[in-house]
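Just so it is clear, A, B, C, D, E and F label the chains in written order, and each chain counts residues from 1 on its own.
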């Protein structure tokens, strides 16, 4: 099994979720995150003092998937999250040794 | 001059002043966290612009002697010819100047709810200056100037508008509708979630509006007397009944009552009782409040059916609530209302006042809005709108709860 | 009628109105973020229900001529027989109607602090209607009606209660205790963290209550005079001293003073000075404030020792504070207090007034609460309570700081 | 005694009371979320300390007959020799006691903005007691006591200070500067981001200050009359113009106007019009407001150039605004201002009043601050400052939005 | 070494922490997260407009553990977090190459 | 490729970011987190009831890097985030199978 982590633009979350659901992915875990990269932040001004805000808001998704599904899940996310503008984000894949469903204790494929 | 009357109108003026910051919270809590500052700035800018224009010429256009039934005269330009000893009825004229100023401020601010999240701040400023001059000052003259050469609604038509159902609420509501049409829908309207980011702020705003509204309505007796007392009681009870009306619609539809519904119902009731506060019995005010609560709760759905993005329901609450209040006077006014054995006469006058103000405000606002849109542009770019108007138009973000722990920001340059 | 007195009572009425939204924030800031809207709705619903009942029959039951020492008459049902020219002392009766209405609203709202996070909203509504009718209206008559056929506490016993230590605070505190017992403890009480989710809101609420309380206390002089001035000064200084008292307890115990302690101390002082504001000297008010601050700071711990979940300390602050204020009058009243060479007579009267109101309110509230509980049920299910009552009972959540960036929500269906 | 005048001053006193909670929000919103409670506590502690001292000796030192031009007498210690029938002009003396008390509270609280995030709470308490006694009470006597044996500024110099430009704003501003120098810079100043954590709170605070300020300024007419009306209108319009002035500087420099700028401009205008509200025409008030807005917007940058950490710009807004208002009276006062054909005489008096108060306050505050610093220490440790003063000095954190879902906290021990 | 990531119900956090502490786990890192899965979200209504809130709040734990402890840590979390109702969450295990304790620079087992 | 995850003290974030930028790391993803470990929490008091707040605020960084850069990135973070006091945090390294840049679909090294 693999863990697919995706960092995407916040307003793309809804489309990614729908695309994943359509592709049969039934569960995922989401965190709010901030990104630093080529996409520039912005400037804020408070009583004349300028602040450089370098982080941009992102949504971070984690999906544990069967080995067989990795490629399609990555492709689904990538295409649904794409705007073509800088800052669209990254997707990375990590090997997973095992998964457990807390409710039942089922493991691995059965836990997804 | 009477010090007691003066004391109450001074206090009332302060109360009505507070309504505009209150509105900033009522509206600001309803928008998304990325646009709350802009929403509030539309109210605060009204507090900045209107007083200056009021002193320069607004008061004169609305209330100076020497005008005609459509516009006041020029004798009060720059507040000339007033001294601390000049009286307006039983109070110093300066006190009346202050009291009426507050009505002008809030009326302008009310409109902004229709165009949340998407108006260029500079365009809003230009709009404010033009609108208050061309629409509000004349209408205030029509409705509120009872002097010789007073306004046509006040002195010729003699429709009943105790505290501004027409001049304030129908006026702002019609203007809101016009601007919502000029600016068009928000990006993502009916697709993206646009739920209130801070409901306690909405309730705070409702609470401050409510509080201030006692100055608005009971202060419109322009004295500390039994009429003020009646207006006070009517305001309290109509508001209460309107909350009940709004929540009843929700219970019927959703099986539950929401806090946003309670806050909205309160404002709907306050709007509806505004023109009627001096003319109804407390019992009549309960009826009026119930009707206003139910109708406004239904009216906020109109925008989805008709397809205009009146973002915070200026139409559903202020236009509809203002119409309900203004017209029901024709039925419920003690003495000459239809239900009290009066003729259709009063109801007819109320219709004329309501619809002339509605039409005047709608048409002129639409024209002003369009002119601004085709010249300097009224809307921010789509990208800026998605990013959030606070950051783009005000170079700020409203909240930073994480503080320095959020990392990400850095002092670049001081003033 | 005196316009100056009228002006002050109009202003005071508006001030007392604001106390209920203030309370919504004082209480709302103290609960968890998943229950803040329900907490606020219990206050806002009081603002919706009480005015309507007040107009229909409440004012009559409390103040109409023609009743007896236990209940007012029927001449004011529907506010009949009042016109803008009817006087109550030196002010229009309508103004008095409005002023006293606000006391009824806040008293009901105060109770809700005892049952935070777990009461069905529909059950609260039913409770509100019954309680205000059966408990508040009669007690208000006992304490506040000084007319012919006035209340027994006001006209027979002649205990001193300037602004409502018994009718408002002891009454609400005893009712809170009874309801806390009826409903039982919150799920996870004394195990889960239940700390205030927004202390600035608590301070805002305290600030608004404080501000409004000057209308409550100084307005209870029912005129703009030296007595109002004395009540004003006493209110300011007792509140200050109570903060010092409360923080002193904290400094002694924890080596630090908290902002929640300061806000709580302020309210404790305001409660305690309420009955006494017209009877003490400013110096006596300092003593009263200090005592109230210290005792209430200790009293909020009682619930842990005795095992009832009075969630936001209605007992510790309002019942105890109300008792402190009502009883200390027997010692500190200028003229006939024990410390001023008076007899035990006054103290005895204060005891009787305090404990009869306490017992009446506790017993009736317990019965009403139980009846509601066994019929429609007073509490939400355990699962709903864990989920959060806002979501379940009001279909809302208070905050959405992340906005659309949180993903997760989606417009399903419009009105 | 006049009930109308009394009604207005009672209402005004309540309004000015509300300014201090308002200030708590204005300041509290500007600091980081880890220090907001401490910031607010500095205001709330002023509400606790000052009333008690005022009753004990403060009012006497400021206003008792029998003193000299530098300090009041001892006849009012413990508010002796006042009854509900004692008059001060046309109002009960108790009402005047209450009104003036509120000025003392807010003046102390204003100072705290200069030392955000780093002062030991115990040291602040000690400072409060000493400063209000040694600095405020005498200065209030100088400026506000017009009686026989009244203050030298009021009765000898006869400089114009309608509502406290010198005694309140220059005084607090100079004290803030002195304390900022005594305490030194915050850890990480000019390196770490220290942006406002909650701008809506800043706007709320500005709104409440604004509202309350009408009591401050129009109440300073000590009556409900035309002068109060003039002060009211001048306050509204100068504030408006100052917002325009401040935002104009921002538009010129940054191409955009900020909400923090609007809130700051409002306060700058309110400060500047304070001494002048009774002396200028509304038109003159527009000029004064514009100048104040522009100059204060520039002055908040001074700290970066000169290197003192006046955290929330007490100097830039209150000292500079107070100077602008006090001195411009010399030019703009109707009648004897330079622009109205008056001589340099008035301007000279204004200079003297402004700079004597400035110097007195600065020097004494510096000495008091240093004495506290070398004895008990005025600052928290660097580690505590980095952790956040709320947690260390008040054992609290302001917000817990996640509720129990944040895990991490656990009820250890009850009271 | 392994990284054990657990997504659990928020009100179970305290029990999980105590169970882990009892099992000798001395450190962990916690983030607030939202979950999407079989557990349904809820409906909210604002002025008559219905919103479907599909995410449910979760707590996400990360614990780096010795290879030897993986099974017991997973079992401890699973049993402490279990309510038996849908939405109890998942636990997954990922291989870790190395760990450093920032304060001392100690690595691997010594860093835990 | 590897995923370097670092949990550090919040006020060290700015220095870590600058050190990483100087070391040529162009992107990263940041989340707010809370830590539990040897660093003690603190006590809060609300109306006399004492609460033990056991979690301390942390910043959690994720950086996907080339295998070759792992050691230097870990060292850079470790030295920039170090204060020498308890609670400085941990850095751990996890193997990554693949990375995609959402905007372009570029993978692996090219995606960084």
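Simple rule for what comes next: contacts are C-beta pairs under 8 Å (C-beta built on N, C-alpha and C of every residue); 3 or more make two chains touch, one makes a residue touch a chain.
For clarity, every value in this text was computed on a predicted model and none was experimentally measured.
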Give the chain pair, either A-B or B-E, that is connected by more C-beta contacts.
A-B
Please state the rotation angle, between 0 and 180 degrees and to the nearest 5, that superposes the Cα atoms of chain E on chain F.
120
In whole angstrom, the CA-centroid distance of chain C from chain F equals 50
Centre distance in Å when chain A and chain F are each reduced to the mean of their C-alpha atoms
18
Express in whole angstrom the distance between the two chain centres, defined as the mean CA positions of chain D and chain F.
44
Could you tell me which residues belong to chain C and also touch two or more other chains?
2-5, 7-8, 11, 188, 192-193, 195-196, 198, 204, 208, 224, 254, 256, 258, 260, 300-301, 304, 395-397, 399, 401-402, 404, 406-411, 414-415
Show the residues in chain E shared as contacts by 2 or more other chains, in ascending order.
11, 14, 17, 30-32, 34, 36, 44-49, 51, 54-55, 94-95
Could you please specify the touching residues of chain A with respect to chain D in the complex?
44-49, 51
Quick one: which bits of chain F touch chain D in the complex? Just the residue numbers, please.
11, 14, 34, 36, 41-55
Complex contacts: residues of chain B adjacent to chain E
193, 195-196, 250, 253-254, 256, 258, 260-261, 264, 297, 300-301, 304, 313
Can you name the residues of chain A that touch chain E in the complex?
1, 3, 17, 26-32, 62, 64, 94-103, 105, 111
Give the list of chain A residues in touch with chain F in this complex.
2, 5-8, 31-38, 54-55, 58, 60, 70, 74, 77-78, 81-95
